[in-house]
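The chains carry the letters A, B, C, D and E, assigned in the order they are written, with residues numbered from 1 in each.
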């Protein structure tokens, strides 16, 4: 029993990380109905940028963090929106999704070729200690990640659904043509979304990298798990990302513990298929709209 | 002046990128060294690197291209799958292919043009199993391995050796390449009541695993191969790496001055520490150099003939770094080491002799 | 000649707590042109969707030619000779008008296998062009349907419903956005189909001129229920209808 | 009050390379309700899109209250006092009815402080919307969605309203209500330019009318005259085939 | 008709559907001419060049299938790489372990993928739009896990080597050129079959699925049957491609059939021009041959490749053929206008 609890608690901690990475999916989905296949790379790159700031510019870590975060938000939030989303969004979501695949290649290969093909240590913003929770040793880092995930996702959920600006963002996603006619600043709303997305990616990156080490290929794994988490939680709900992340984390942990470990990756996927078949909109998603 | 063209076909992107990049760096360093000392038989080396994206189909294309473009020998790749996809081509063209792969099966296909740069897993595992039995005195162990050709190959080679020595595998944990979180695996091992843990993972995963194991208070000896004890793992895992020990083939920390010197120059040039793949790449070029100079002429097919069955010593060719015996099937035999990580340093505890000196 | 074609009895549809259709029963006889009118949100479109399989009814039965077809798929209903139009625009926007019309007819030609090996247009190009002509879209046969004006798309939707030579057609607000002159044409078309081919029609419409001049019988729905049914003249004179729907 | 508020002068425009408007010119007088009629595909909606900056004219000028507004963005036009209620279905399907309405007032910014009160008034005009105020807009019936759109479009205090076929999908009672709302606004001095296929009823409440055909103005004049014109009756009002009231 | 009938409007760019169905003969001619050129092209090209050409064609077959599923029928599949893997493994296992001849393996590969496509298509009936992508994503990863873990059957991470190439009328195709020509013929046959399919009423029904399934159902189009068929036929093409890939590389392991391969195939469909019959060839050219050509840029060639694809999509989001189509349409429109058919 204590063992089970241990696996669950460990899963929750990992799940919070997936959740943090998964918000980006739901956010971009909510505002442009597209899937950002570069989401994993979005979480990978900020840490690399920060380390590059330290290595190449000789900056102290905090200055590199500020600079790296700002650079990332400008280039991959605002720049991405201006250079990629704007010209493509009129042509449906598929080309845009494919463009993010190309972007993922560019980000990953650049991190490898211009920085390093090796994993790097990344300093943790939190103290290194650990506390015992129900027989599991939980690091303060994990606890901090869980807390940040809850706060960030809660705040975002509140922003999107309960504020006027958030609703303008939703309106822009659901019907940009009409949003334009009503004078909603469509461009600014889309911009805001991508800026928030990039900002959250920086946050996730800074929290995850001390544990997972900063490496160019991190996006593959994080992206896949975050994607599964987002689907499980329901793509069209920000809070779904949190639930989805935690569920996937726990399921993965239990699968590794009790099911053949060479098939552990299959377990969250089977869960995903079952959820889609039983409740296609995801556990916390909203139903698709009436169409006839 | 005539030059000699060498083409390196290796994993520079995809899952093998980290290993492939080390291999490439090693080659670049070797080429620079050789060219600086006047080349091979007076000819400067032109080195070209082709990326395989860690994909067998692309590897095959690249090796074919290398041969079409008249490479003197094929260097790489490092991963066993891509080696398997491309070795017939070099064989058909009768060109030596010097690879970084360690999977036991590669040299069992009777390909006379394939050569390794490191011990085969079939050679390394008996040494480790003996170490587990005699030094660690383990009767029940857990195996943590990465489920790719490297990890699976190592595990498959290890299991019969353990069985032969009466060591019981109480827990067999397969992990994914690139796996980020090892907490669940660490908890499982902690609860498994074993005497030791055999860790056969790539460098990054080794570090993550050691970190997670330390955090979950796994207090069992961590036994591993070259990848577990390397400088990179120690750097990444920090304090959690202390106490890890095992068998080391090629290591810049080995008590061989040539290795250490190589390690320093590699660090100076590429600003990272070399792992065994860097050493392998460095040696690969020197194997070709040695064979050519031995023949006294440039002869593609002759390279393979000369290498087969040869023993190369650092006296003959300093760039080989350590006495290396090449078996008829392309396998190698060398001295290797038992090491332990103490206070963030790899400390060599013993030197193991060659199997068939 | 009063053979019932469509019999609906006790049909109901709930959405969560909302009762959109609440125990509706009526019969459509062969050769009738039945009008359905009622205030916005009284359940007319939902009724159509339940009859034709776009939605599954919560209760009640639908019979076609005496056979129970409750819950049959839209495809099955169409292959039994029932066509429909939609209130909201439903065309194939990226396809040309001609392709839209061929699509509307092709599944009624031959078997699935014979269609694969037969001509690419299922031999329907001429018929499609003729139909487009009839609905005054003749000059637009090669234009993308999504680029048509609202009224033109509405007409195309109606034209598609006729491509398969249906026996029973359910039209959901066919007049909305259609120019009065074209509407007169449409009305004429329905009359001809009705008189010469014996086709039966059920029409939801808010355009009273259209309904009153076309329909042989009118059903009035209010809040998911049938309020009354009668000839156009009876309906027009009914104070309850005036109050709930027509206004004074 | 006979000054011109909206003036189109030789407007040419269309979609991509296809020209729909072929030098369209007309004037709308301040404080009137003007109805545009014409066959399907005549370019009526295209005229609205051109005025509201959704397609860019390739030639010609559009003036509003004396200012050249050709090529202005929708946002700027809204700020200048023009609102546009397009044809077809134009809601935010996943937002609630109330939030849909609220978004109608976005462009006003802080200038209008009584948005909640305005929303309440809108819900009063179409009671069904109040009943469903907190439901997702996509669950509304076709006519209910149209009501929502009309009220959303009229939330601000515009000087000029462009409204494209408001009667589609509305029950006769709701058409009456909508027309009453529009005439009320007109009586308060708002200028209204409307497209309608429900031409007889529309012309009855209109001051002026214009007939559009092939992207050009065919006729313009007082609504009553246009309604009575035999050519118009024949061509655009269903001619002799119209229902002859029993 | 009465006087109000509007005068003819110029025939407009008829986009995917109209364009597709309107230029069929152009497609047919291009296919035949292309096959003839490809038959002779590798002469004197060297083994490497020939190999890349062949790999391009094999990839194009898989992309053609996905183009049917996604580009034409609008069903988003992330499993084409997995189907390719299934085909490749069936061919490799039956060929090397049971000595079954290649043609039977080829047929069985297609058939198995067709059947699996049917099975996997069922969720497509239940779930709409992007959810299908999620299901296929899961399927794709599961297939990869099976290929990797079931070593007794698939050789696991060590793969299967020494896969034989087929013989044709007693002629061996072991040589690069002979095998290339063999692949040209197979590709042509498969492309012609698809060409026929798309121009048949079935093709139109597939388009209807993509454009408006609700309307399609109400027109008697059997959504269930066509969805399953579109998915299964597209998957079968993946299987066919795999059956050629295995003897081409003569070695297979699970890596080329991982999820990222399916992503790459998706990229090829869209970049080539989703829904256009010749798009797959361009898309596959972009993804297979372009990186090879870009090798001259040195170590950064993948970054350059990513940037090229990104720019391409920004400039023509509808793919290479989409851009050509638009250019053609505007030329035509200008011509008609100049013709004076508009007043």
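Quick notes on this one:
Criterion: a residue touches a chain if its C-beta (ideal position, glycine included) is under 8 Å from a C-beta of that chain, and two chains touch if they have at least 3 such contacts.
Not measured: the values here are computed from a predicted model.
Ranking A-E and C-E by contacting C-beta pairs places C-E first.
Using the average of C-alpha coordinates as each chain's centre, B ends up farthest from chain D. Here the CA centre of chain B is 74 Å from the CA centre of chain C. Chain B and chain E, compared by their mean Cα positions, are separated by 39 Å.
Inter-chain centre distance (chain A to chain B, centres taken as mean C-alpha positions): 36 Å.
Rounded to whole angstrom, the centroid-to-centroid distance between chain C and chain D, based on C-alpha atoms, equals 28 Å. Residue positions 45, 54, 86, 88, 90, 136, 140, 147, 181 of chain C are each in touch with at least two other chains.
Within chain E, residues 2, 4, 6-7, 9, 12-13, 148-149, 214, 299, 302 each touch two or more of the remaining chains.
In chain D, the residues that touch at least two other chains are 39, 41-42, 139, 235-236. Taken together, the chain E residues at the contact with chain C in this complex read 1-2, 4-9, 11-18, 21, 24, 197, 199-205, 207-208, 211-212, 214-225. Against chain E, in their complex, chain B makes its touches with residues 12-15, 49-51, 53-57, 60-61, 64-65, 67-69, 80-81, 84-86, 88, 103, 105, 109, 147-149, 152-153. Against chain B, in their complex, chain A makes its touches with residues 3, 6-7, 10-11, 13-14, 17, 109, 112, 116-121, 130, 136-137, 139, 211-213, 215-218, 220-222, 252-254, 256-257, 260-262, 264-265.
Contact residues on chain D toward chain C in their complex (touch as defined above): 15, 38-42, 44-45, 87-89, 128, 139-144, 146-147, 165, 168-176, 197-200, 235-239, 241-244, 246. Residues 164, 167-168, 170-171, 174-175, 177-185, 236, 286, 289-290 of chain A touch chain D in their complex.
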